[in-house]
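Naming follows writing order (A, B, C and D), and every chain is counted from residue 1.
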């Protein structure tokens, strides 16, 4: 894996410093979830900023603190730098109080990326639950923009209730593509719900999956991922075809603060995206 | 709230700018005050009962929690009482350090009262904070004085509210000389500021209200009394601390959970800064005496409204005394003398910022406490306050109710009643009946 | 190698101060030997030693006037390069947004005197974390470069020391500027000094020294050998990483969880533990904000808090296990060495006296 | 809340207590006037006779509930308060007066008062959170100045106060103090006590006596064992837990443990 790009380059200045960026767009995705489009105040920085799908930034809200948030936009569309945020606590609530024109801080990108090279020519199965969706949106965008490089794209997305469904518009757009299949499921449907009900793994039984030539990318609640892994492996999927995106408490994203460890891995360096066979031992140990 | 010609009643939600909260009922019948009740219904906190069966070393930290405003006074009276029981005397540098932390408490408490609680009455503000809008320099001077008092307590006690460094026999740890010296510049400044405080308060407008009080305080052969002496009055009382209970009794009044203290042969007595000042003027350093003189105050002051000047003079004294201790300080070899328990009764009485604070304990040879008695200053002054109001209200009976109410509150604040040690919620109700 | 007479040690202090260094060395305070700024060798705990055991530390008088006749105390040098609290940067609100300013202060030149072999290893380990990784911590690096290190080979070990089995002592081997071995024999009291850097050699050359004679060198070696022989506590590191990785569900974790207070003392005293958290400090006006870093501990609940799940390691057991497996196992994967240097601090300063070497033995005795 | 024109309002109420926590707020001399610039002090009897009616944006409550009247009053205050913060050991655990909860309260009344009939009191002293919902609890006997300013600042800034709930030991070590338990054999409640005081007692070479109450995961049993091995009796250990925060569940449970 090539070394992740550094921002700022090692040794140049303090890696702790965030760089100011303006909110240029704030879009409601679903209840309590917003996408923020950001632009560095420093034009040069904005132009040179580079990342790979799956990586994340540390976003700083003045006077409140920093949080790790995945980048969801396409790295090759230099104009955009999008983050989808679920409003859950201290920093994210403060972010939510901001609006277009307000300034926040960014440092990054950090962490590992989705295996978009390895997946070339293969079917890509995307499995997400809840807000897990945010980190994989970047992949979906990436693949749909380079459709011929990949095989079938199958998106499985489960949420609690129809209200929690993110990216309705984008989903509609994805559904239009002939080689992209979108499967949606909820735990608690309402009367208007036209898709499936139940946990995501239930969908596997209904759908033809070419496991031997697929790469699976997963992101979501721990329980969902545990189930999905077990299910897929029992169908003959190899662990090195599975990729998971994980979460840990995170303070610095530089490998200094120690919070994001999971066994020998620092989520901010080796993660947040892991090939499953490399993290399995830790992933399967409770409270590690 | 309503007012009619012959029947008026004034009810105030709560009396503010006193430490703690309490209630006051005033009944006025045909222009005559018929009843004044300072209702202090403390949610009882039972300290004397909690102390039973506890270890004697715990008394200072437990009794400190009676009052967050004068914890040092509680810790000191408790320590003196226990040391008395065990036949120990704390002398030299340790005794001086105790005086010094006590000075810190006086400075802090008096500065708070003078600047933030009482002066606004004289100048027509609702609070010191509000007063700061018009007199920023003065309020900041008061706050800095207060801060210096707190700094003294923090150096010697670890923190200013419920200090942790005081113990039977002395301290857990004593400061280095350099740490003491570090306070010097601030104390020098404070001395000046205290003098200015005296001049500032002396210029206030005081109502004519001289009364013939019985003043009670400690008196020491050499020093202005803080932590030692005999209990004396201007009416001939002169007893040792151990004789306290033979002369003072406490009674439980229906309208108050704070016990009222009585001195035999007197209907009421007055404790606190003014009592100390009147009974010990001759023990004040010359500089403080001349400051008093310059402020127009003689060696005896009988107008409780001028208590604010007396407090300011005591701030000045406390700064001088703290500086004296600081100059002479040589760290003692041990931070505390050993206090070995024995079966005995001990008495302790020191001068809290608000007046006499008496403790008595029975302990056994294992240091277990078998009985405890604590007489805080407020229970002593409650009656004087009531009595002042009896006399004061007729003078202002024709005032608009707001002004009358204000006078009453001010008269209560003359005493800086720290009701927290006894009470809890003061709502002032002035009722005029037909 | 040179010898320095004990009464010439002051020259070293004077020289270092003349070169602009503040001298930090062992000093007696609050019933222990800690590291503090000192003026002269007489500020050292001359003639003192310590008696350590799990959960206990006591000062004791020595029979002689040794300057360095004790083992390590509650402080470690990490407080110098990784201060317990430190401002990382400050932000000020502006008309539009805010500006961030780097608040890096120029580090002080510090001479550390009496650094033990295990502590040198600990510093090397922290270097790996803060300087040799993908990112460089500028504060750490700058301060690290301003250190002059005078190592001391241990003449006295504590009962809690186990550097021998960790291969980190008692002789100073990693980078230092000067290394001293204190020798007290018959009526002579001197140091055998060895320069470990050009700076060190220059300093040594400026002191009144003599070329060490073979007998003196032997005496110095003897001191270290004797110390090594006195260290009875051991930690068998053979296959330890695998052993721990395979025993994440061992019942011993439940046992230690009952004894562990989750007080975090072990992590605070450990010279390699580097975890920190950040605090955002604002003033009342809300126009200024500061980003501070402070030591954190994997024994706190907040440490592994994530939204929606709460603390990932909410049990005592999982927190102790994280600490110990990180030290002894996953550290190897992360940084290529053990995270434990065998200084014994976490054993001595753990109030219940939990002993990492005993915990390893218990698991080794009965592995899954 | 961040509009400068309409300042948020602050109210301070007192129940059974010593006033020390309110005084701690007044002792923040340097922050007091700046605070008054940012916050409207709407009800703070100890400081001001200006009293504004509720509702209040932030209410600080000192003291524990010890009378039927107070039990009603706190309900009223809760209704008037957007954010209610209980401050100090009394408000968060009952305080020293909660020692009554360990005995029959009538016994106590007769020790102190000659006329027990005049006294109206509940049998217990209880924390505010046992009566109403509390948004944040600030510990300490008394609270710490820096912490109370941090809480108010954080509320003004719309962020969570940075008030760690780990052990006192963490702060003790960060201050560079020497552990009194390990180096002197002094009983110290630090390992089970909530940080926040600034580590005052160990700094005076004295053991912590727990005035900030239990930390987040207090292993009081392990501390009992630790002390017992150093020679303390069960009764002595229980007594240590029966202090300022005796009624905090973790301490109370450990106090009662040997009797079970």
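Just so it is clear, a contact is a pair of C-beta atoms (placed from the backbone, for glycine too) under 8 Å apart; a residue touches a chain by one contact, two chains touch by 3 or more.
Predicted model only: the values in this text are computed from it and were never measured.
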Open item on the list: Ranking chain pairs by how many C-beta pairs touch, which one is first?
Closed with: B-D
TODO: Round to the nearest whole Å and give the separation of the Cα centres of chain B and chain C.
DONE: 51
Task: Gap in Å, rounded to a whole number, between the CA centres of chain D and chain C - done: 36
Task: Between chain A and chain B, centroid-to-centroid distance (C-alpha), Å - done: 65
Open item on the list: Averaging over Cα atoms per chain, report the distance between chain A and chain C in Å.
Closed with: 40
Task: Touching two or more other chains - residues of chain D - done: 157, 159, 205
- [ ] Could you check chain C for residues that touch two or more other chains and list them?
- [x] 280, 282, 286, 302
- [ ] Indicate the residues of chain A shared as contacts by at least two other chains.
- [x] 63-65, 89
- [ ] Take each protein chain as a node, join two nodes whenever their chains touch, and name the resulting shape: line, ring, star, complete or other.
- [x] other
Open item on the list: Show me, using the given definition of touch, all chain pairs that touch one another.
Closed with: A-C, A-D, B-D, C-D
- [ ] Within their complex, state which residues of chain D touch chain C.
- [x] 2, 31, 34-35, 37-38, 149, 152-154, 156-157, 159, 162, 164-167, 169-170, 173-185, 188, 190-192, 205, 216-217, 219, 221-223, 225-226
Task: Residue ranges of chain A touching chain D (in the complex, touch as defined) - done: 63-65, 89-91, 93-94, 97
- [ ] Using the touch rule from the top, collect the residues of chain A that touch chain C in their complex.
- [x] 3-4, 6, 10-11, 13-20, 22, 41, 62-66, 88-89, 102-103, 105, 221-222, 247-249, 251-252, 254-259, 261, 263-264, 266, 269, 281, 285-288
TODO: Would you mind writing out the residues of chain D in touch with chain B in their complex?
DONE: 14-24, 26-27, 29-30, 32-33, 36, 41, 45-51, 63, 66-67, 70, 95-97, 99-100, 105, 107-109, 111-115, 118-121, 125, 141-142, 197-198, 200-201, 203-206, 209, 211, 239, 244
- [ ] Spell out the residues on chain C that touch chain D in their complex, using ranges where they run on.
- [x] 29-32, 34, 55-59, 73-75, 79, 84-85, 258-265, 268-269, 279-286, 294-295, 297, 299-302, 316, 348-349, 351-353
